[in-house]
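Naming follows writing order (A, B, C, D and E), and every chain is counted from residue 1.
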């Protein structure tokens, strides 16, 4: 996200979900769309029926491969090389949108310099993708009138995550595919309100509406609006918070609706931190692995039990209505927060979620035109600066949010951890159709549980045969950080040398194994590549 | 060597041939269908050479329009107009398709052509391809015609070898290739959209129109489909000119039509006549009349989509429009002749059973409606019909006809409607009198009776009867219990003196009069 | 362009079908196989209408409008024909409306009522079927109630793309099934529920709703799916005890009435017995229930104490991508304005 | 005994045959019907595993392949007799007594229309017109045509094929 | 075919070949499905064996259905310079008679004849 913001001036999906259907070419990379975003996958399939070309780049033979015109099976962590290879061919074969580059972007020279050496043969060596497929893909993408890129955590969850995104932005700008209907660069949001949480400033460096905390003007504006002095120092990110606890700098932690024990890398490290922290409050709808460590657990109301808004992946602010009364004594999170603030000497008196939105509209320009009345029937897509604005279907029309689009090409750097003698396999992680995140919700849905009740690690036939492992056997998977047990499924979805696990199950918690090495800019851990060993248990 | 030719009839003297006008069939029976040379010797591919070197596509279409040729597959849509639609449709790729899925029971005109003169169809298709702008063609042929498939394959190979298919034909820059697709047993694939679905490798279920195949056909590309006989006429029209073709036939139906004559007729076979020839001429002239000197009852024309016409319609000139008016249809040209021993309810049931089992199942009226109609007809032919059944049958027939999605369903009720129209008395006889006038419906057959004058009391019939309804002792006259006899007929062949007769015979033959009188006496008593 | 439907002059654009124009203008033409997401199938024939100058009725779902067209949708003869169609469907249907869980939300039932079908005139044999299929935790398939509108098959192929279900046989023997009747799971069914959402009769039914309540007793509330970031709009069907009985959809939104397995069948966690219902305080390593007062006081005391003692930066918070915008706003405001630190983050990256 | 036999048949199902057939075709759906035709010619019917193989090769769903295979009357999902007796039920044959021929065949072989004898020798199927109306009523035993039949001819014809 | 002339030349070539063939005796047998179903294949084999045994140089041509399905199998005998004569409803035995009686001795087999074909 940081990557897109740097290149375009905004980190959100540039286009709307509906627009996917109108693309002439779709490039899906680092997104197992059919399982993680099934409804978006419907649009991709529809686009295919409408005659669009589909390129899928993924180390695994994900379901979407079945629909693809071209499947690029890159080695995990070699995305930049692959993207650079595509750009090399686009430049070489003159598939550039020169007018666009000249008029709307800057720093194109850097691209030319870096791409020079990424010829298809060289890239084929790094990525394992045949050179001719790289050329084919470049042409498919480059020749399309409207080309859309869809990506998700398969791109960002690497030490080079930001560079991956910057490279994607380069590719789209080279061909003039940003600021255009049915085209664009579209990061698919994993959780239902990730977009909203970011928009509303649940980030250590920005206030609501991506206004920097270290910007003097901004600081002044919020101080005045809230009537308090505010810190202008950037705060800690999730991983830094846990490091901070270890170093005894952070002493009290408030966790609202999250389960870092399962969702964060190197779980053992997280567990240690949670043991250590002086005071922990967890607010959730279910008892979670994280809540077990809490000093106080507060019961929250679920989505069905409160009013509010969510902002979906396409920046649409949607109205959420209370349908049932809160279960038991549970309360909505905003009411709990208000009560706490007031106990700590403040005087918040929001009588409804709607009033909070009115305050948001006042302080956050991109939400400036959002009100409950306006979104009662249908949501509005930000930027929506005032109450007359119809919302924005796609971004960067005519001009980028930051003015000119900026090329920030990157060099390929191998993943932080490589397989070796002790840990000869690469583990990559992701999601399953029937579950979500740490299963707080899906694990409490009897049907979903019945359908998929335990992790089945994917392993190739070749590896399985060598280790004499069969479908349903249990294995011990270990990394430098820990070990877990899992059942396996022998499948052609993964190539030899690669294994795949989801992080849904506490019993087979993939994140005990994963590498907490961070992307230096976005601070995203490298979930997608770590070295593991596998033994039959 | 001297032959003795006197008194041997010439073909022109044969009833079967004398009023035929063989155009499409001209080569059939004369050339070796497996030899492209034979075809070329008979002016084959001359029309193609003319088209490719002298005519623009639009000129070809105009010529076909001018000829007045109408689709020989049944619908009778003007071929030239159809080509025009496909020509006008925009698209980088177009297809031309030959519908050789001849599935009407009792029809084998196309098979005759495909087996007897395959190159004429190829030539017609290549010309059609050139006219509409297609460079690829498919011949969809039913798998039940292995010989026709073999001959077509040979013909295509030979034409390719001679450069009549392939690239740059006659140096004109026109490319064309042809493929054969063998059907897999589904009558509904004779319907254009069903046929295309089948070529695509789908279930052969028709799709609603619009979009019409001319705009969105095979793989959504503009496509034109014609029947075998239609294509066979094309080289003739080009070679001989539209005007001479139009001279044949009637004002609105020009040219000739091939018919397959079958049923209780003296000469079964293929006959090609000018449009406008009367049914009487075909059946009693060419067909030689009814077998065994029986009475004509009806002629079923147009297969399951057609109807049954009675003797008062025999003088109807055969053309597209008058047939429809009479409640039948040209169809592909099957003529099935029925004599006095046919049951028209049973015939309607037969056709309905056929379409019912060939319905693709897509639309409600055809899938469900034909089944219910069949059930009613089954009831009637089994002697369980009720008086309301005729009304229900009519309601269903009308609904199925009006509401069905494709031609198969829309025409499925025709045999029922036409028999109801011309032979309602037969339906009533079944329902009200428990009689089958044609003597076909097993449950309604009159039982057997023993001629007491002949019976010798041998007991053979008593032994033969599976349900023990024959009474009598050795050397005494036997008697069949008429109430219980189910007319199975097991006894009849066992009688050494032919004393067992079907009851309805006694009315017709004087030698049984004594039995009849007795019968009447009984009734009076 | 302009056209007339039932005497009303209406505006339409080229390429629209009669049915689309009618629906836009609130004219209800009966239909069973139509779905805006699918290519028109033209199978059920319920939407037949009369066009002036055209001899036979045409299906409104497949016929595009043209300028000046004059359409009638509910003439006596159309009514009669639709009645025959409904009777034909009912003749091959397991008519158990008295106890059917679909009753009250069943289009076939509605049309039988609308066209006054009191007695089916065409009773006869019914298509053989192989029993109610109960091969997954989410829904049942009851072919006896299937009227072969093909929506499920078409959605599975055209929208989901899996084509897990298809037709078997042809004509009167046509059935919707899987290859060799295999369980859905074995043929790659994604349990997206598209088929269940759009089934007009009781042939596909959510298991959670069986024998729970009549449809008219359920309360519907619209909501937004809490799982991934697409923001699917859903309808919760709630019984009198606030239990979610089933999840349905309507088509005017980002997901166009479509769902995935989690949105369609995975929201019942709301009513889980495992929900936290009271604040808990840990004492000597064990949780005990507490009042809100006590729990909130304890949190406020500790956060206040640590802030005052070590500064705001000694506190931190993880906000949530599952919570609403308003809650995220308040959480960051809480940390920044109340605790005085910018150390607030959430798992956007995870 | 029967079940053992069946197991044995299943074990013997040789998927290399279908794989060889598939190699001759492009992976396009339009080839589905020709593939099924060729496959059935090879196996005598279309076994489940074979259809799965075809579906995977063409990249279309198993249910779609199954839907096509059950739509066309030419395809069979159960093993069939060595000799297929096709009884023409066309109009001409119908009016000339095809039903009686069928009855006779059913009686002689002890199976219904569509059925196969236990020894897998004969299968009877009634078919729409086979186009030999001049010879009505007609049956075909594999590729041999027998025309102008009376029920009395039936036993003799069957005897020719080993009954 | 690259030109019209090419087709015309071929046509002439073929026509003259056929004319030459007409100087020889010909047997023409109907080999449509109707003919084959009625036994044309057996007739053909019988004719060929018979011709071989008698060492007769006769052209045997196959053709499609002429329409007279009722009379199948049909065989035509055409002697040079004479009218083509059609025989129908033939048995294998009948076919042999055509050779011995008509082909060798020029006598039309009256009980089997259907018609003669005047050009």
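Everything that follows uses one rule, which is that contacts are C-beta pairs under 8 Å (C-beta built on N, C-alpha and C of every residue); 3 or more make two chains touch, one makes a residue touch a chain.
Keep in mind it's a predicted model, so treat the numbers as computed, not measured.
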Ask   = Between subunit C and subunit E, which partner chains are common?
value = B, D
Ask   = By label order, what chains touch subunit B and subunit C together?
value = D
Query = Most C-beta contact pairs, which chains?
reply = A-C
Key: Chain of greatest Cα-centre distance to subunit E   = A
Ask   = Using the average of all C-alpha atoms in each chain as its centre, how far is it in Å between subunit C and subunit D?
value = 44
Inquiry  = What's the distance between the Cα centroids of subunit B and subunit E, rounded to whole Å?
reply    = 30
Key: Geometric centre distance via CA averages, subunit E-subunit A, whole Å   = 82
Inquiry  = Just the number, please: Cα centre separation of subunit A and subunit D in whole Å.
reply    = 56
Residues of subunit A whose C-beta touches two or more other chains = 66
Message = Can you pull out the residues of subunit C that are in contact with at least two other chains?
response = 167, 169-170
Inquiry  = If I count partner chains per residue in subunit B, which residues reach a count of at least 2?
reply    = 108, 111, 145, 186, 203, 268-269, 358, 360
Message = So with touch defined the way it is at the top, what topology do the chains form here? Options are line, ring, star, complete, other.
response = other
Note = Touching pairs of chains in this structure are A-C, B-C, B-D, B-E, C-D, D-E
Note = subunit B residues touching subunit E in their complex are 1-5, 8-14, 16-17, 20, 25, 27-34, 37-38, 40-41, 43, 45-46, 49, 53, 108, 111-112, 115-117, 145, 147-148, 162-164, 168-171, 266-272
Note = Note: in the complex, subunit C contacts subunit D through residues 157, 162-170, 177-180, 182, 187-188
Remark   = subunit E partner, complex, touching residues on subunit D are 131-135, 138, 145, 147
Message = Per the contact definition, I'd like the list of subunit D residues that touch subunit C in the complex.
response = 48, 51-52, 55, 60-67, 70-71, 77
Message = Can you tell me which positions in subunit D touch subunit B when the two form their complex?
response = 28-34, 36-37, 67-68, 71-75, 89-92, 94-96, 127-131, 133-134, 136
